[in-house]
Every structure is written in C-alpha cells, then in structure tokens.
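Below: a set of structures, written as structure tokens.
Two complexes, one shared chain (chain A), two partners (chain B, chain C).
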Partner chain A sequence: MTHHPHPLNPRVSFAECPARERIALLFDEDTFKEWITPAQRVMSPHLAQLGVPSSFDDGVAIGEARLDGHTVFVAAQEGEFMGGGVGEVHGAKLVGLFKRALRDRPAAVVLLAESGGVRLHEANAGLIAVSEVMRALLDVRAAGIPVIVLIGGANGCFGGMGIVARCADHIVMSDIGRLAMSGPEVIEASHGVEEFDSRDRALVWRTTGGKHRYLLGDCDQLVDDDVQAFRAAAIAALAKRRPLSADVLEKEHALLAQRLVDGRETRDAVELWQRIGVTQAARVPDMNATQVRALRSREESTQ
Partner chain B sequence: MTWSDVLTQLFGGAHDVRADADFLSGTATFDGQPLTVVGTTHHAPIGFALALRQARVVLDTVAQHPGRAILLLIDTQGQQLRRHDELLGINRAMAHLGCCIDLARRRGHRVIGLVYDQALSGGFITSGLIADGCYALPEAEIRVMRIPAMARVTKLSEEFLTALSKTSPVFAPGVQNYVRMGGVRDLWSGDLQACLRDALATTPTEDVRAADGYLRGGRKVAAAVVEQVLAA
Partner chain C sequence: MSVPIGIESLNYEFPGHRPAGQFAPVLVGVVGSGNMEVMLEPASTSTCRFAVQTSARGFGAIWEAVLRDFQQRHGLAGVSVSINDMGATPAVVSLRLAQAAAEIE
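Now for the complex of A and B:
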C-alpha cells in the first residue's frame, strides 16, 4: 500500500484513498472482515445488460472492524466506480449491513459515504434501494445504535445519499467534502449558468462544502482531509447516539424553520453566514478547517 | 385524475382538504375515522419550504392525534433544482420530512402513499417510498428521469434505451415497473374506497419491498443479497 503514514509525513489524504484503503487506515489495524468479498463476484446484473463495465463489489465494501477496540459495522462507497452510484446490489449490501446491525448490535455503524446518489443505469432499482437504506438505517438509529457518516471523498455525497446521510446520528466532514442534494451540473443544466455555475469551484464549495455545512450545523464535526483526523472524529462520535423522538424532530423543525427565515431571498453563502452571526464571514473561504472550527465554538459558547 | 377527483372518490364530501399553491392538507373521514391528508399538486418541485410544510402536518398529527392514519398524496416533478435550496440544505429538509413520516409509523400511525399523478426521484424518496406502503393510480407516472436525459447521462443511445425499456423494469419509467420491483404495492383502480380500506387493513409495517420485487420478478437480486449479508 502506498498511502501508509510516514513518520515524518503522517497525514494521508482521505479524499485520495480508495474505499478499501480508507477502511484499512481508519479502523484498528487488520481488523476489517469483509462480507461478500470481490472474489464472490456479487455484481450488478443490469450493467452487463447495458454493456457497461461492472465491478466485483458493485462499488461498496461492507463488513465489520474494530474502532478503538469497539466492534463496529462498516460500509465504504467507492467513488471511482460510477461515482459511488447506488444500484440494486450496492443498495442491498447497505440494507443488509443495517439489518445485520439491528440483529447483532455493534457499537456503531460507520458509513464512509461517497456517492452521486441513485445510479441512473438502474435508476428505478436504485431509487427504491435508497429508500430501503433509509428505512433500515432509521431502524438501527431507533434501536440506539449510532450511525456515523464520514464525508470526504472527491465525489461528495449527493442525491439520495445526501438524504440518507442526514438521517444518521452524526456526520463528520472534511473541508473538501461536499454534502447536498442535486449536483451543480444538474442545476446548471436545468436553470442555466446564472443560477449555478458548476465550473466556479469556489461557489460550489461555499454552497455545498464542509465548511458551509459545519457553520450551518449540517455536519457535527469538521476535520482536515486526513484519514487519522476522520478516525479520531469517528471514535469521538461512538458515544453520540441520538435516537429520534417527537421532541428531537420538533427541535429539528424549529431549526429548519428559522433557517428558512435567515436564508430568505439569498443564495449566497457569505450573506447567509453573516445573517446567522458568523464573524469574519467574508474570510471563511480562505480559512482552513481549524480556523472554521474556532468560529463555531465561539458562536456556541455565546449561545 | 386531479387530487380533488381522487378525494371525492375516496371520501365523497367528507373532507376539508385544500390546496395552497402546490401544497395540499386537510382532514378526511373514512369509515367513521378521521384521517390526515397531506401532499402536493401541480407536479410540485419539492423545495426546502415545501418539505417543511409537509413535515409540520405529520408532526402535528403525531402530537395531536395519536394513531391517526396519514394519506400522502403524491404529485411531484422531484426536488427543487435551485441554488437557494441547496445552500439552505434541501437534503436536510427532505431527510427531516422522511424522519417525521418514519416517526409517525413507529408511533403506530398507518402511513399510506398514493401517487395520483407523477412521482420523480428526490420528491418521492421522502414521501411515498418511506410510507408503510405506496400505491399508485394506473395512469400515474413514476420515474427517475426521462429516457432522453438518461441517454445523455449514461452515454447510451435513446434507441437502445427505448428498446431495452420494453423488457427491463429496472431503468424504464412506468408505474407498472415500480409494482414489479416492489416499490409500489399495488395499483388502485375501480372502487378507490375499497382500495384504501384494504391498504389500511393489510399494508405491512415491515419493509417487504425487496421480497416483493423478487416474487414479482422485477428486482431479482436485492433480497438475496440482503440474506447473503445476514448469513456472511
């Protein structure tokens, strides 16, 4: 493996690692046991029919591992394969993982999400699969087993998986991670370049990126693009179970209703940050994750 | 069929459901029992605000009317494709709607989805697809995207996709395909009251869609893969 931490340069980019390497570096050494391995070739029956290359794991690795000594269940989506798109098999592996978690009660389920959402090549099956993942995830959360989502891949976490992520107990993002619904290209194609210029990287990141999501509270922790930083954040999140209740959802509703007021008639992130009281909002795009973390802790301490 | 025609067939005059722009809400009486109705019309794009409005109705039903059944009326072109909504976190608002419906189910409310006109992708995942069960009218349309758009994204020819859509339910639009894949439990035709009565009485609270998809031959591997993970 090429990405093993070097004593003089310990930082390994989470974004640049493939899914299995993320798992190998993030969890306790040599503890990952994969279920349905690539050797078993459980592959999409639909891609072959379309003449499109398949993958031996349908773009997701699942299994169990240890995290700081605790047994956790793990799924890692491979963004390099069809953008992490959810097809029938990919989705069923995730559903199986959550159902097994409900049965075996691990300390947590950790989902390394990297996905454009539903895989259009098997669109209907993918759409139903994503909703099955949602229901299975919410069963696990309701059982008091925390679901922790890590987002830091180059493809971001979009579409149905962006919804799935927000159904979890806890979200960790890096500043280069993105969490949203529709990709900027889709919005541009639908409403024009003046609505959303998908080639304006700064605009894309301040609208959907980790720093923005952290300042709004859409992710719980913001980390550097470093596998060990994700590991530390995942360990910290093991104790952060947050079962849903009517009270929790009423609070969520009030928060979102307030956001609708704060965000009235703007589509600009800096303006929204100013309105919610982020100091030095205009400088946020130039800040690193540590500096942005300091902004929110100041905000929280004054509340 | 329009939403008001659907409601007239289901409840006669025994409902006070009103449209406010694209948003539908109200209460109906069915077989002597009150029932919450919430949904959208005019092929509504589901944005941040519209997701919240629907969530509010579900939360109010849970808070004020424990156990009352909820009927979701679905007609949407999918999620709102706007930068404003993305900035605010439309995925979080939609997840919230889904979580509210999920909470209602867990608290013993029957939640039935009905696609009476059109259902697309993001607008469908956190409504009908997270209900106890989703049903559709035969003339309704369900899809992720149209074949021309799909051809652009997948770089496969329209002719090829159109031909394949006749044999493969997995990516071709169509309500019948969703029935075969287990995503839609059944089509409602004829006596809609009998359909709703049956749905309220027999829709399972467990998620049986993968098993249905296998039995109906439209989604042949999902259920087996889930079993394989459980046995691994």
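Now for the complex of A and C:
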C-alpha cells in the first residue's frame, strides 16, 4: 500500500491511517511480512451467524518487520472494524504472535493497539483470548524481549486491551490516543451523566487522553499525531528494557497507591495534575506534546 | 413488511478482456460503518468474478449495476473480487474498487 504525503505537509497523521498503512509507514520500507494473510481467510466463526459482516483478517494484521534494521514482531489492530474489538480469531492471532516471539526471539514485539476491548458479539471467546494475550505478553517480557505498545488511533485503547497495554514494557501515546479500562459511554451508562458526560469531548480527553496518561506516568512517551514521531519513539524504546522484577512491581503498586491519595476528592483531571505538582496545569489542554513533555516533573522511573 | 436479518451473499461474473496475470492479493478498505473491504486475487478464468457479503439486504440490483459499471471501465480478466460490506454507498463501492484495481494495473 502506498501513501504519498503532501510535499508541503510531510506529517502523516497516525490517527487517520488504517492499521495496514500504519505498518507500511512506521517500519522500514517494504519489510513487513504478514502471517495468516487476508487471502487465507481465517475469519470469525461467530459474526456471520449474528448477521454481522466479517473481515478477512478479523481486524488485526500480524507479522514480522524491520525497525531501524532490527527484526521485530508486529501486530496492528484496525479500530474501524468492530471498534478494534478482540474476538476469537483476532485474539488467537495476537497470542500466536507472542508465542512465536518466545521461540524466535525478535528484538521486540511492537503492538499498534486500537481497541474497545473484548468484542461483545463473541464475548466469552474474546475474554479468554484477552487473558491469553496477557499471559503470552508477560511470558515474552519474562524472556527479556521488550513489548512496546503504540496508542494513537481514534478509538483509543480500552477494556481488556487497556490492561494488555499496561502489561507492556513501554507505552507511546499521542495526545489523540486514549487509554483506560471502561470507555466514556460505559461509565456514563453505569454511573449516570452527572458522574461522567461521555459527550463532553474535552472531559473525555482530559480523563483518558495521552497527555493525562503521560503526566500520571501511565505512558512512557508522548508524541505528536505523526507516524514518524511514533516510529522515532518506538526505535528509542528498543533500547529500554524494563525487567519484570519484584522491585518494579512494588514501585508500580506504590505509584497506584499514591494516586488514590492524590485523587481523593478531586473533581477533574486538572485538579489532579495540580496536586501531583504539574505547573500550569490549567493550560495543559492547550499545549502540544513537546510542551507537555517538558512538564513531567518525575524522572523517567525506568531507565 | 419484515426484513430478514443476516448477511446477504451476492455473486456476479462478467467477461473481461485485460488479463491481470499473476499478482499478490490486494486488500483495500475496512469493514466499518458505511465502508467495505475488497480483496483482489488472481483467478484462472477469463472473467472477473465478484463475491459480495453485505449486511444491507435487498440491494442486489444496485450492486449489479455498480459492479457492471466498474467492469465496463476496467475489463479485468482472471480476477476474483471478494467484498465484505457494511453499508457502503454506491459511490464508496466504486472508489474502493478503483483503488484496488489501481494496485494491480
């Protein structure tokens, strides 16, 4: 697939690209070798029975590519198909990729995540698949192979895939990217519009968006919505291993416990940013990625 | 009037005069609302075959007109076209087909 950036505006929006185009532009040119190709038609066994169209790749492309010359394994979820939902085949492709990584030991596994979580049409299979993805991902990390997650699609990274992302070594997000457990509509449906107005886009992004995740330390790098910025961040992440040790987990628990304290009786993300010492917290929503990066007071805890 | 639920399968075959020869399968588009994916694969026929799976039932006549129009312009021979559709309009269908054809021409 070819994409020709405009000569006057060479930036290509990560969010606007479909999954396959992201792969084509992010990794070294023409190096992607796909496994379980669309032509093999390994498709959902459930969707057609429910009267819902299937996709030839079940919404995820997996394979091997080169990143700055290093062989890496790649998975890219297509957010426009069923919201990137993880069904039986989709999940099995992710699990298989991680298991193969254990055998072949690539330089890293790079996951271009865009998903609402488990695909509700095949929820039982999807739930099992997501738990298998987590186990396989953690096995890969335990074997010393870094797992890098890139989040910048319009559908965000939610539900089970939000947990999968937080199991990884390194997360790169754009300010457009979102990362959370329950999505905005789910929170509003279960707790009421007074608790969370899912149509308030500024609120949604303040609460789940890339800037928020970066300031809180939930993601490791914040970039502009630019495929080449994601590529540069992914290359930089290749060198950053995060051993899965008791020490690392205790630090993580301490961070989460502190967040409960910091978040007590805060009504909005801006208040939370103020509490954790972010200067100019009220201006954060208007800042670009470079300006927000300069704000993070905490040292990169993992380098 | 009740509309039966489920996917509708539509199949068409038109003669072609421009053999595509061997090529790697091409996939464009996404199965999203108002969108579709189309895959072109080489076939051993002298025709162009279309296999459509669509969630929008009852539009067979329009599909036939749009696909016939595409084939009149491209005249592909030895090509199998597989479509998964989620309610793409005729204009979107034509654009996706043209996009796919451009990859093998």
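Note that the second predicted complex is superposed on the first by the 290 of 303 C-alpha atoms of A that agree within 3 Å, B and C clash if a C-alpha of one lies under 4 Å from a C-alpha of the other, contacts with A are read in each partner's own complex, and residues count from 1 in each chain.
The criterion applied here is as follows: contacts are C-beta pairs under 8 Å (C-beta built on N, C-alpha and C of every residue); 3 or more make two chains touch, one makes a residue touch a chain.
Worth saying up front: this structure is predicted, and the values here are computed from it rather than measured.
Novice: If we overlay the two complexes on their shared chain A, which of chain B and chain C does A:F56 touch? Say first, second, both or neither.
Specialist: Second partner only, chain C.
Novice: Is A:A48 in contact with chain B, with chain C, with both, or with neither (first, second, both, neither)?
Specialist: A:A48 sits against chain C, while chain B stays out of touch.
Novice: Identify the partner contact of A:F81: answer first if only chain B is touched, second if only chain C is, both if each is, neither if none is.
Specialist: second
Novice: For A:R293, is the partner it touches chain B (first), chain C (second), both, or none of the two (neither)?
Specialist: In the superposition, A:R293 touches no partner, neither chain B nor chain C.
Novice: Thinking of the overlay built on chain A, is A:P38 touched by chain B (first), by chain C (second), by both, or by neither?
Specialist: Touch partner of A:P38: chain C, not chain B.
Novice: Using the touch definition from the top, say if A:R20 reaches chain B (first), chain C (second), both or neither.
Specialist: Once the two structures are laid over each other on A, A:R20 reaches chain C alone.
Novice: Return first, second, both or neither, reflecting whether A:K93 touches chain B, chain C, both chains, or no partner chain.
Specialist: Touch status of A:K93: first partner only.
Novice: Using the superposition on chain A described above, determine whether A:R241 touches chain B (first), chain C (second), both, or neither.
Specialist: A:R241: touches no partner chain.
Novice: Which chain A residues are contacted by chain C in one complex and by chain B in the other?
Specialist: Residues 51-52, which sit in both footprints.
Novice: Spell out the residues on chain C that touch chain A in their complex, using ranges where they run on.
Specialist: For this pair, the touching residues of chain C are 5-7, 25, 27-28, 30-32, 35, 37, 39, 41, 53-55, 82, 84-86, 103.
Novice: Within their complex, state which residues of chain B touch chain A.
Specialist: Interface residues on chain B, with respect to chain A: 48-49, 52, 55-56, 59, 62-63, 79, 81-96, 98-100, 102-103, 106-107, 121-122, 124-126, 129-130, 142-145, 150, 153-154, 156, 164, 168-173, 177-178, 181-183, 207, 209-210, 213, 219-223, 225-230, 232.
Novice: Where on chain A is chain C touching in the complex?
Specialist: Residues of chain A touching chain C: 1, 18, 20, 37-39, 48, 51-57, 78, 80-82.
Novice: Any idea which chain A residues touch chain B in the complex?
Specialist: Where chain A meets chain B, its residues are 35-36, 42, 45-46, 49-52, 62, 88-89, 91-93, 95-97, 99-100, 103, 118, 120-132, 134-136, 138, 142, 159-160, 162-167, 179-182, 186-187, 190-191, 195-196, 207-208, 212-213, 216, 218, 244-246, 249-250, 252-253, 256-257, 259-260, 263, 266-269, 272.
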